[in-house]
Amino acid sequence: MAKTPLQAAQSTDHGYQHHVVPTWKYVATLLALTVLMLLTVGAYYVDIPAVGPISGTVMNQTVALIIACTKTALVVFIFMGVWWGTKLQKLWALTGFVWFFLLGLILIDYPMRAYESVQGWEGERGKAGHGQDGSALPRVVTPSSQDQPVAPDEINLRPRG
Amino acid sequence: MPFNFPLAPPSASTFAGPYDTLFYTLCAFTLLFTLLIFVGVIVFAVRYRQGSKADRSRPVYEDLRLELTLLGIPTILGLIFFYFGAAQYIHMRTPPKDSQDIFVIGKQWMWHAQHSNGVRENNTLHVPIGRNVRLTMISQDVIHAFYIPAFRTQMMVVPGRYTTMWFNATKEGEYHLFCNMYCGTQHSEMGGKVVAMAPEAYTAWLANGGDNSPQLTMAQRGERLYNGRLACNNCHGVADNPRGPSLVGLFGKRRTFSNAVAQVADDEYIRESILRPYNKLVAGYGQEMPAYESELIDGKLTEENILELIAYIKSMNASTAAGTNVAPGGNNLNLQPLSIRAGAAGPAVNALAAEKEYSEATPTGHGKNLGVNAYAAENNR
Amino acid sequence: MSAIGIPAPVEEHPHDTRTNYLNVAHTLKSWLTTGDHKRIAILYLISISTFFFLGASFAGMIRLELMSPAGVILESETYNKVFTAHGVVMVFLFLVPGIPAIMGNFILPIMIGARDLAFPRLNLLSWYLYMIGGGFIVASFVGGGIDTGWTFYTPYSSMYSNGQVGLALIGIFIAGFSSITTGINFIVTVHKMRAPGMTWFRLPLFVWSMYATSVVIVLGTPVVAITLLLVLLERVFHLPFFSPELGGDPVLFQHMFWFYSHPAVYIMVLPAFGIISELISNFSRKRIFGYHFVAFSSLAIAGLGFLVWGHHMFVSSQSMYEGLVFSLLSFLVAVPSAIKIFNWTLTLYKGNIRLQSPMLYALGFLGLFTIGGLTGLFLASAGTDVHLTATYFVVAHFHYVMVGGSLLAFLGGLHYWWPKMTGRMFADGPAKVSALLVFIGFNVTFFPQFIVGWLGMPRRYHYYYFAPEYQVYNVMSTLGATVLALGLIMPLFYLTHSLFSGARAAANPWGAHGLEWETTSPPPTTNFYETPIVQDEVYDFDPVAEYEQQRATSEIFDPGHPHRRIDKEGESKPGIAGADHSSSRAADGQKEDR
Amino acid sequence: MATIAHPGDHGHGGDHGHDDHGPLHHQFEDIEQQNECYIVGMWTFLVTEVMFFGAFFLMYTVYRMYYQLDFYRAHEHLNIPLGAVNTMILLMSSFFMVMAVQGAQLHNRKQVIGNLGLVQLCAMGFLTIKFFEYKEKFADHLVPGVNFTQNAAELHGANLNHAQIYYGLYFGMTGLHAVHILVGMLVIGALGAMWIKRDKLVTEDYVPTELIGLYWHFVDLVWIFLFPLMYLLPKPH
């Protein structure tokens, strides 16, 4: 049903060059998306080993995000039709994602706080700073969860099984 | 009140010199460019006003070289100023290693400072001149900012996290201390003064337990001695315990002594018991308390101190003690009547103490009552 | 307007025979359900002016209160509510929507030769959203007030404040969507609705700056909307987003808030740049100097403006390194603003300058914005900012930029386009006096605040009895504010007066250049009777030729008083047939009922 | 600046009122310009939506960076199969949506209505599953606030404070997403009704359907990121 006379007639009618995408492309996209979805769930259960200085956790997360970005690209380009869209459409689609990353400037702040030169706090930072699980804000007073969970009322300290 | 026209804040720290240089340079630069634009605008507006006979031939609409120059000059000047500003900023944010620590707690609406030997003060900060002082600060509730204009430095005080600032005061005197981050109703009154003292005077002040904090009542000063330097609360808690009887509600009560003699506890009795406790031992207790007579002779304890202690003991009645005896942590051996002992733990723990002390020291009023904060009167020079 | 062969057909008709957008319908319903961008602009003008005077009255209370170190009439709690109300109303209900929603709405489509904005109903929706948002904000004042400051810093706003913070947050959230819809509308309109021949580089600079503003609005406003929504959720449902007790970071709120609110400063000032470009060029009768630089500096400011928010947070305990990055970027964002100032000043060179009231506002803007911009360097430089952050120095700085910049440009634009909007001329004399009063009053109000801030007086302080040396500056400030208030109230009278007894405005009463001056005053509902085709460049003046012509005409018409005739008519298109038409039309029009 | 009559006047002049409900509005020259405007407008709107959710994702990133382990432990309470099913449902709904748009392009009314119906079904299915997920969390006291669970075991040993942040983000982000789904259902419902009524506004040109499709795909996109970030946190190793 991809190329019907109707479509041809319509596009000459208004002179507006919209592209009717053949159904098989949509079906293929859906299949690809499904596969990627299964892939991301599968990757969750696999502990990817560390690569150089990058820890395995980060690797896992990176893989998950790469898959998510691929899915996004498929949806944006094919389902949302940017592939066949005007330059302006492409520009705005890009702007949205680029600008989102500007927000990421905030992220300079948090890791860098740990490197501030505040003599006298090195000891404290060694303990409470980026722990092995990275679960404490540097120089933050709130109790951090190291190996033992901290429940306010000490009701239950059963380690997770 | 005669008007005075100060044109600059006092300069009283090592930051002030380089800071002022940078500031005045920027001022000069601002003035220069403002004049340039003002003069340009006025001259052009007059010269090329409608109907003037000025020469308008060969007007220019685009000039890439000029534009790039106009682009370049501000950029270069900006980078230069950035460099000096950044250097100053890094300097201000990097406390030297040999700094002396003072801890500061911000709370709606007062500052509580605690010196390393446990001396505490509210809405006032005593610092020695010529020494690097680092403040480690935290807030108990909302965000505040610790601001000392004369030192050209400030830092926000954030709940949940320590922030630091440092300075090196250079000139003796009293300077404004402000909270510079809006923190609620009495924000404008959350402040006081910074007293920069000669190092010897500061040491002496510290040794005196910081008792010259002017805003404290006698009872409060007594409380400081009781819970602080003299640590009476180690034995005399809210309830009788094996080490000593409680002094809560003591004043005016009849006491029976080990020799079965009884007496109403009055000022004289209390003074006697501080200086020579062995004279009148309360029934059931042995002679464990040291006699403070020698300290009085040595000058470590003054008559004034004793009066303050008495004033405090008078103020300890059952209701205040019961109402405030919530020791943080819950497992303190010594039950502390009004405030926990200073200096025993880090600043965060002592935040609660500060709160209590505050509630005693500064009755919170929401009105524009000039007398509300004692420091107000002090500063109304 | 050089060398035009064909007089526009519009000029042939006496305008009152045809309906314009104002008299096409008279019912209230026709106004409240209109899709006409010009009518919506008028709705905005009325509502925004109301909010402006509301905000200004709060400012008056603040200044009165600060006369005395121990306050005059208010309690601390009330004072805090008053300055919060001043900030919230002025920022969210006046400065952000002000110029885009009034001038932009009215003029932008006409400037590019469009019949309307791309989405008229969305435009009307944006006005309703604005009114609903404003209603919530006013309700929050009436229902007990808010005392958080317009910045809503957590955890004070989310956990400690007792006021009607929730209502205000909802109001700002909704008003934010009003901005977003306007922004989307402008972006699409500029991209897609330009008249034939209206290329990007023929766009008036006002359109460029509105476009840059819209981009900032569209990219920034959602962030603050969600941030304030999070504060609301934290306040109402205790979802722990910024709560330090649970390990959240209150400073994260500041990051997210300033991510919008610093660009918001450019939302407020970029449109002002646009108006000033129009005024300077048109009243100098000269093409603006460095059109491309001015146009692209707007976009540069819009882009760079997103990268500098951290300079609000140098002492907020953000990382020192991030502070340095933001300091550097802040210096860079000053450069495009400097470019603009230089270019405007150079435009005056060899111009043929009319010192009418809009131009006076524009020249005032040049002076004040220069001071405002340069004092910004004190705050961009991380080292100097440490002492000055959150003192009156900052207050003075942003009032120089916001009042000296945006408000003066707003007034200049309002005067400039007033004849186009209403079809009536206002009295130029009082307008000049008003411009002068605003300029003087403004400087007397805010210059002392630089000094008192440098002395260390913190902003948002109700009392300063502990620092009586600040009083003299505060008294000066209050005196200046009185003059400023006088200057701001004056337009209310002479502009209103002009509605009833002002002379009929010609199509082009200022002799300006631009599509909006091609159509009648006031324009018809579709803006143009025929779709215009743009053939000449933007600001296509020729000052030399014009001067020669002008001298020639004035000598012919009135040798004894050169130029007088031209001044009197407010019409300066000598040598063009339209000049005569319009003057006779003005005379005719006065007899007619509008 | 000369103003002369436009040679090819389309007759959409000032006398053209709003009530004339042709697909072309008076401010546009032709349908092409109008369609481009609509599409650009929609994309601009989607950019604001990206920033809207973006701020949320940013906050998630910051806290995740600090409380990696606690987030991991807290997230173990989530039901991954349900999340995966929901992802699948949304992907399928996106597919049905493009088929509806294709139908609109081809003026195939039945294709449009049928596919829009399927999209609605998917959306309902998604919300139903979400409802049960939420219900379970309410029952387990996992909603942040005063009633938040004190039982660390339930959160697999996560720090209860940080788990509250996690669940705050979970409810905030999925809640906001669910609100978008609801809005989408309303809009799609309205669109479907117009197709059923053969309203010329939507049937004559495919763009209205396309616009709503764009919105729907965006909602899908948000979930594509929410799913791995909320349900599939990697084990710290």
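For this structure, a couple of remarks:
By written order: A, B, C and D. Residues from 1 in each chain.
In this text, a contact is a pair of C-beta atoms (placed from the backbone, for glycine too) under 8 Å apart; a residue touches a chain by one contact, two chains touch by 3 or more.
Computed from a predicted model, the values in this text were never measured in an experiment.
Across the two interfaces under comparison, A-C and A-D, the one joined by more C-beta contacts turns out to be A-D. Seen from the Cα centre of subunit D, the chain whose own Cα centre is farthest off is B.
Chain centres here are Cα means. That of subunit A falls 39 Å from that of subunit C. Centroid to centroid, with C-alpha atoms defining each point, subunit A and subunit B lie 46 Å apart.
We define each chain's centre as the mean of its Cα atoms; on that basis subunit B and subunit D are separated by 52 Å.
Between subunit A and subunit D, the centres computed from C-alpha atoms are 17 Å apart.
In subunit B, 93-94, 160-161 are the positions where the chain touches two or more neighbouring chains simultaneously.
Residue positions of subunit A touching 2 or more other chains: 88, 95, 99, 103, 106, 110, 116-117, 137, 140, 142. Within subunit C, contacts with two or more other chains are made by residues 191, 219, 223, 244-249, 251-252, 256, 259, 320. The residues of subunit C lying in touch with subunit D in their complex are 1, 4-6, 8-10, 35, 114-120, 122, 180, 183-185, 187-189, 191-193, 196, 218-223, 225-227, 230, 233, 237-241, 245-249, 252, 256, 259, 513-515, 518, 524-526, 528-536, 540.
Interface residues of subunit D, counted against subunit A in their complex, comprise 30-32, 35-36, 39-40, 43-44, 46-47, 50-51, 54-55, 57-58, 61-62, 65-70, 73, 76, 80, 84, 87-88, 91-92, 94-95, 97-99, 102, 105-107, 150-153, 155-162, 205-206, 210, 213-214, 217-218, 220-221, 224-225, 227-229, 232-237. On subunit A, the positions that touch subunit C within their shared complex are 88, 95, 99, 102-103, 105-106, 108-110, 112-113, 115-117, 137, 140, 142. Residue ranges of subunit A in contact with subunit D, taken from their complex: 1, 4, 6-7, 10, 14-16, 18, 20-21, 23, 26-27, 29-30, 33-34, 37, 40-41, 43-44, 47-48, 55-57, 60-61, 64-65, 67-68, 71-72, 75-76, 78-81, 85-86, 88-89, 92-93, 95-97, 99-100, 103-104, 106-107, 110-111, 133-137, 142-145, 149-153, 155-160. Subunit D makes touch with subunit C in their complex at residues 1-6, 9, 13-14, 18, 25-29, 33, 36-37, 40-41, 44-45, 47-49, 51-56, 58-59, 62-63, 66-67, 144-146, 159, 161-162, 164-165, 168-169, 171-172.
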